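See the structures that follow.
Next come two complexes, and both contain subunit A; in the first it sits with subunit B, in the second with subunit C.
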Partner chain A sequence: MMPELVILWTDALIFLLVAGILLFAGYARRREPLCAPWRKVVRSRVGVASLIVLFAYVAVGLLDSVHFRAQDAKGVETGEVLSLFDRIASPLRTRQEKTYSAPLALHLYAKENIETPDGNTVRDYPRLEHAGSHLATGSAAILDQARLLLVGAFEGLLLWAGVVALLAGLLAWREGSGFLQQMEVLFTGDEEDIPWTTVLVMLGMILVLGAASWQLAQHYHLLGTDKVGEDVFYQALKSIRTGLVIGTLTTLVMLPAALLLGMMAGYFGGWIDDLIQYLYTTLNSIPGVLLIAAAVLMLNLHMDNHAEQFGSVQERADMRLLFLCLILGVTSWTGLCRLLRGEALKLRELDYVQAALSMGVGHFTILARHILPNVGYIVLITLVLDFSGLVLAEAVLSYVNIGVDPTTYSWGNMINSARLEMAREPVVWWSLLASMMFMFILVLAANLFADAVRDAFDPRLRNER
Partner chain B sequence: MMAYIIRRVLYAIPILVGVNVLTFVLFFVVNPPDDMARMNLGIKRVTPEAIQTWKAERGYDLPLLYNGQAQGLEQLTGTIFFQKSVKLFSFDFGRSDSGRDIGYDISQRMWPSLAIAGPVFLIGLLTTIGIALAVVLFRATPIDLTVVVAAVAMMSISGLFYIIGGQWLVGKLLRLIPISGYDTGWEAAKFLVLPVIIGVVGGLGSGIRVYRTLFLEEIHKDYVRTARAKGLSENAVLFRHVLRNAMIPILTMVVAAIPLLFMGALVTESFFGIPGLGSYTIDAISRQDFAIVRSMVFLGSVLYILGLLLTDISYTLVDPRVRLS
Partner chain C sequence: MSDSPILLRVRGLCVAIGEGEDAVRPVDGVDMEIRRGETFALLGESGCGKSMTALALMRLLPPGGRIQSGEILLDGVSLPDLIERDMRRERGGRIGMIFQEPMTSLNPVMTIGEQIAEAVRLHEPEQARNPRLRVIELLRSVGLPDPERRTDEYPHQLSGGMKQRVMIAIALAGRPSLLIADEPTTALDVTIQAQVLDLLKGLQRQTGMSVLLITHDLGVVAEAADRVGVMYAGQIVETADCGEFFRDARHPYSRKLFQSLPESRKRGRRLAVIKGSVPSPRRRFDGCRFADRCDRAGEPCQGQVPLCTLVAMRHAVRCHFAEEPDLSATGPGSIDPTPADAGRNPPVQAPLIEIKGLRVHFPIRAGLLRRTVGQVRAVDGVELSLAAGRTLALVGESGCGKTTVGKAILRLIRPTAGEVLLQGESLAGLSGAALRKRRADMQIVFQDPYSSMNPRMPVADIVAEGLRAQGKAGKPDQLRARIAQLLQQVGLPEEALDRFPHEFSGGQRQRIAIARALALDPKLIICDEPTSALDVSVQAQILNLLKDLQQQLGIGYLFITHNIAVVSYLAQEVAVMYLGRIVECGPVEAVLETPLHPYSRALLDSAPIAEANRHVERQPLQGDMPSPSAPPPGCHFHPRCPKAQPLCRETYPKESLLESGRRVSCHFPLGLVLDSWPGRVGMYSCPPFRGRTG
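Presenting the complex of A and B:
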């Protein structure tokens, strides 16, 4: 029996966003002015390299956004809501240990009393239940790990070769030229075109690294386990979705209000402008963290008192995530609104807008037909620029307990639980380092990508931000 | 000049009123005081009497906006809106939900906050501007590229990592300075070193980038070309002309931030156990003390608006081109 799909609110919004991007891509494909800046982005080495890293994150995030009700072997629902990613990563998810263990370790991190077969008890590090359980007793784990690493790397290379062949085939089909010819283009690169060598190198790195860590993670705890014995690698991967949701949906949910108010303020001027300016100055003058704290506190209170409105634990956590996006959006829409107002102020005076006015076109038609398309690039640049800041903000907010739900996997929650581990003796560093590394790579890629997008769309705006 | 400043001050009033109304709605209308009481007393098995006492002790037992039972002016002043929100305008913060005088706590705790935020701000500003100027001096060389790459990498690292990692590295591994705590007087200095260093390093990445673009923008202007054509050395051009002219945009960014220094750094303070306003806020958030959070929201807005005001004024002082009309 097919498992029943569960669509959480954030899932729906994510797929709406993906659908929107695909629709826009289809629309823009045949319109050169819309394509040109994007072509510039992918023609820069940094741009295309960061884009590939972002794609890798988005792939995990999307897999983690298809939820369904879990079933056991007999097809009976267990009451859990799992995602497609959970299904793929079930070896990581289900292998719980007792408590901390170091990355790739075979033993727990704390000594325990163990009963030996002859009836005595010794105090030693107990063997992990699920790490290297296929090993014969006494054999070295390091050899097995090296073997798994090599196997994984080889699989990654095979996968990479497949992807390259597919890419060359696609290019050959599009350009109407030979397969080998395209292979040559891919490997030698072409000054004028997409830097294919960079693409190949990045793809190769991600695939080899991914496949190798996948091989290792299936038989060991690649990044160790946390206090309750959960695999840290799995936690870090699950946190990707939370980071992406916060980074993108925050800008998305505030977009309608910011667009409408910003354009109206700039276009109409007069008392409408005064009112809207007053509105965003007021909101802006409350320090962001405090407004978020106040709103989250109030939300918690409301949710505790009206628990019956929210179904499962997961739905509740998802609602909190969405509300956090909304609240973050409220504190961050003012910047976009101000930029839009300034641009609309300029656009209003342009000849074609004046001409449309004199012909009796309605105000809102002008806004939709003439102003909106011309402020699109501002929206896009803001969306990309805000992303990395929001991902970092999530970590800080979760750290001070006003972020996502404690049951949600997020880098902030991981760091929050890791803060006491650094004070332990010997120190437990892997949880902190894992979350930091995953976050660092995403934010770095986003920052570099944002630079490339900004340069392509409007180098002038660089100085204004 | 005076008329201008007065007009700016007057303009700030409706904004403060807006903030006030907003916090009132957020704290009292979204969730009625009954819910607040229930939460503080624990959700299960709360008698209505216990709720009433809790509310009465903290003055939440009044009607929200209009007190029908009172006489005359009392009808308006005997309300939660007047007692809790309007009184904030006179900086009368009242008592926290646990019964402490918020105004006194704030006046005590703002100095440790300033002792961290002040040095971080000053040292950070001087370092970033210094590095940015050096980078501009060596622009389009490998040095420039290295610093820019390092800056992007540094701003991609979460601030939490600087705090946790820095404490671990300097405090625990090298054992140079105490890990956390605070003391009175000059004794406090040794507790301040680590948070200040971390604060400066954490802000370096984005700071260098901002000032570098700012200086680069300035360096392509006509007056720089003129200065070079006169035969001035690159150093003289940079330090005597570019830096001075760049002061205007720097000032607009910097002055607005000064009043907010009193608010302190949220995470740093609570992590290092420094009794400032930042840790005060964090504690209030985790204890769900709504009275303190409400006061801090108002105080933060006042300081922000003060920053805007100071920016306007400093602008007119530095740049004679700005007409005060």
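Presenting the complex of A and C:
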């Protein structure tokens, strides 16, 4: 029996966003001025490398956004809502230990009283329930781990070879040239075109790394376990979706208001400008964190009082996530609005807007046809730049407990729960390190990508080089 | 001067930007010699490599650019071989440079005194302790009034002309023997241009320095140069003494340049145009660089590179046919023999558009409550009328309010007072949908062909915009056919439909802008300096096109410009504007031949004319135009007027209407006897008039 799909609010918005991007790509394909800057992005090494890293994150995030009601082996619903990613990563999800264990360890991190078979009680580090359970007693874990690593790396290489062959085939089909010829292009690179060698190296690294960690993670806790014995690697992967949702949906929420108000303020001027400026200066002077805290606490209260409205824990957590996006959006649209106002102020005086006016074109048509396409680059650059800031903001907010729901996996929550353990002796460092590492790679890739996008789109930079 | 020693000798100068196969060569084999005390004009259209030549002399090429070969000898010193430290001493020392844009060449947060002192300290270490005296001396030498006070002012407190004087002062600080002036007057008004050119000439006389004057304006060459080098596609194609050049230019390109200049003598005829466009600097040439565009190109031109041939004393031409007599007998200044069909002026009909008492005041607000503390009177009581099929030129310096008049007519700016009647119907009361509908009758073509089109719209959408807005678009295929027809009307191929503005050259873009204006079948087109951003040869194409369209469609043009030559070629009537008011208005021949207002006279005198021996002594107009927020009392022009009398300081002159339709606002019009104005009729050489209270 097919499990019943559950479409959470954020899922719907994410897929709407993906559909929007795909539609735009289809529209832009035939329009050279829209394509040209993007072509420039993928032709820069940094741009294409960061794009591949982002794609890897997005792939995990998307897999994690298809939710359904879980069933047990007999097809009876368990009441849990799981995602496709949970299903794939079920070995990671289900193998829970008792409490902390270090990365790739076979024993718990804390001593316990263990009853030996002969009835005595020994105080020692107990053996983990799941990690390395396939090992014969006494055999060294390190050898097994090395073997798994090699197997994983080999699998990764195979996968990579497959992807490369597929890519070459696709290119050959598109260009109408030979397969081997395209292979040569891929490996030697072409100055004018996409830096294929960079693409291949990045892809290779991600695939080898991914496959190797997958092999290890199936039999060990790659990044250890947390206080309640959950796999930290799994938590870090699950947090990707939260980060992406916050980073993209927030900007999506704020976009219409910022666009419309900013363009109107700049274009019409006069009292409309005064009103809008007054609005955003007022909003800007309210401390953002306080506003967010107030809104999140109010929402909490509301959800506690109306618990019956939420079918599952996930739905409740999802609502809170969405609401966080909204409130972050409300506090962060002013910057973009101000930028757009300035640009519209400049564009309004340009001759083509004046010419359109003199032909009797209506104001809102001018906004849509002349102003909007020409502020597009500002919007895009701001969105990409904001993304990394928002991912970090989520971490900070969750750390002070006004971010996402405590049951939602997020880097901020991971850091929050790990912070006390930093004071422990010996230190429990892996939760913190894992979340930081995942966040760091995402934010770095996003920032590098933002730089590449700005270089390609900003008309002021276009003439350089 | 022809026997003074050579100061600068350039041989086979090649500049390359980029590496290997893709390298662009904007300068490709330039030879020139500049003698001491001589002004050498480097003349050419945009993109021909003249600025790059100057930058190569200064060794200030843009990143990636380098001097590939050739020698530059300044007084025997080879500049390319100097180490950078020594070169730095030469820059601003023996070679001074001034740029086109005085507004951006000065640092806005330093006083001009400090900026000049910086140059003084570098080049005169003995003055380093107390440069102030030298600074004041320099400012005085460039004719800046009240230099003691001015040294402590900031650039924004100075007008454009004064800033250019400060730039010249900085260039003079090192006592250069060669001054490179890169389009020094292009950004300035004609009256200021005349001042700056006079200043350069005076300084040259005093100091004996040489000047390398880079310009695209034949008029400036005629005014200021001793020798001229015509540059085309990275090479100098003709060098001659100035007088000889204007009498007997030999290279077909130079001749075409003369023929494409608009002048009153060519009224009613088409201007000559150079076919094609300037070749890309990427192109490699086997033969003559001008062959593709030359009417005389023959067998040797395609395959054989022409060498510089000496055709007369100090007159060299890079052309295979330089020594042959010109078959088409189109000497410089002569007229293209193919006349356009109409020299006749269309008959005067009922006015198409009448402007009555138009005023546009911008309030100056200050203080916390944004109270109005004053008015900028950009347009202050303008009366004009224009009949269908005729051209009225509105001339004046920048800031006089002529563009504001155009925008106020279109209601792009709301007039403060006055009314605009289009075919007898007032536009003042219209608003909303009614105004939008009426706007179809009046269109505008802007100066800058780069900012007048949305870069993200294909040409078809740009031209169709008005039709769509007015609900006249019809079915897609009909619309497309209509746009194709419009493009064809302005001389563009149908393939242009789906291309984007950036794929076109300046002249082609201006054609698209005209097609866009034509789309709605307007009765009036306001042309706001439509050719001043274009090169001479392209300007000729656009002027021809505008003239043809007027004859075919009977459109009225309000032609806003500062270029007197264009006015004399194109317009039937002219109105001279000063500080928001029309000071003189009438038929173009009368006004340009015998201007009555001293300001019209001064404008005409300042405009450089491309003819030999134009080194006439004249008195350039002193000072700058006052601010329209605080116009002088009495006649606005009196502080600059050579004929001003006490009366002029007290009352603004009434407008006097003369019988031929001329109007003038002056107490003492030129050529008329003082005590009889305005009074008895019929005593003057000028047509009779009747006074009118205005």
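Going forward, the second predicted complex is superposed on the first by the 455 of 465 C-alpha atoms of A that agree within 3 Å, B and C clash if a C-alpha of one lies under 4 Å from a C-alpha of the other, contacts with A are read in each partner's own complex, and residues count from 1 in each chain.
In this text, contacts are C-beta pairs under 8 Å (C-beta built on N, C-alpha and C of every residue); 3 or more make two chains touch, one makes a residue touch a chain.
Predicted model only: the values in this text are computed from it and were never measured.
Visitor: State whether A:Thr365 touches subunit B only (first), subunit C only (second), both chains, or neither.
Guide: second
Visitor: Touching A:Met422 in the superposition: subunit B (first), subunit C (second), both, neither?
Guide: first
Visitor: Taking the superposition on A as described, I'd like to know which of subunit B and subunit C A:Ala356 touches: first, second, both or neither.
Guide: second
Visitor: Output check: A:Leu84 vs subunit B and subunit C. Expected answer is one of first, second, both, neither. What do you get?
Guide: Neither partner.
Visitor: So, A:Asn401: does it touch subunit B (first), subunit C (second), both, or neither?
Guide: In the superposed model, A:Asn401 contacts subunit B only, not subunit C.
Visitor: Quick check on the superposed pair: does A:Leu291 touch subunit B, subunit C, both, or neither? Answer first, second, both or neither.
Guide: first
Visitor: Which chain, subunit B or subunit C, ends up touching more residues of subunit A in the combined arrangement?
Guide: B
Visitor: Would you tell me the residues on subunit A in contact with subunit B in one complex that are also in contact with subunit C in the other?
Guide: none
Visitor: If you look only at subunit B, which of its residues touch subunit A in the complex?
Guide: Residues 14-15, 18-19, 22-23, 26-27, 30-31, 35-36, 38-39, 43, 152-153, 155-161, 164-165, 167-168, 172, 213-214, 217, 260, 263, 266-267, 270-271, 281-282, 285-286, 288, 290, 293-294, 296-297, 300-301, 304-305, 308.
Visitor: Which residues, counting only subunit A, touch subunit C once they are in their complex?
Guide: 32-34, 350-352, 354-362, 365, 369-370, 373-374
Visitor: Which residues of subunit A touch subunit B in their complex?
Guide: My answer: residues 278-279, 281-287, 289-291, 293-295, 297-298, 300-302, 304-305, 388, 392, 395-396, 399-402, 411, 415, 418-419, 422, 427, 432, 436, 439-440, 443-444, 447-448, 451, 462-463.
Visitor: State the interface residues of subunit C toward subunit A in the complex, per the touch definition above.
Guide: 407, 410, 412, 435-440, 442-444, 446-448, 451-457, 462, 465-466, 468-470, 500, 502, 513, 516-517, 520
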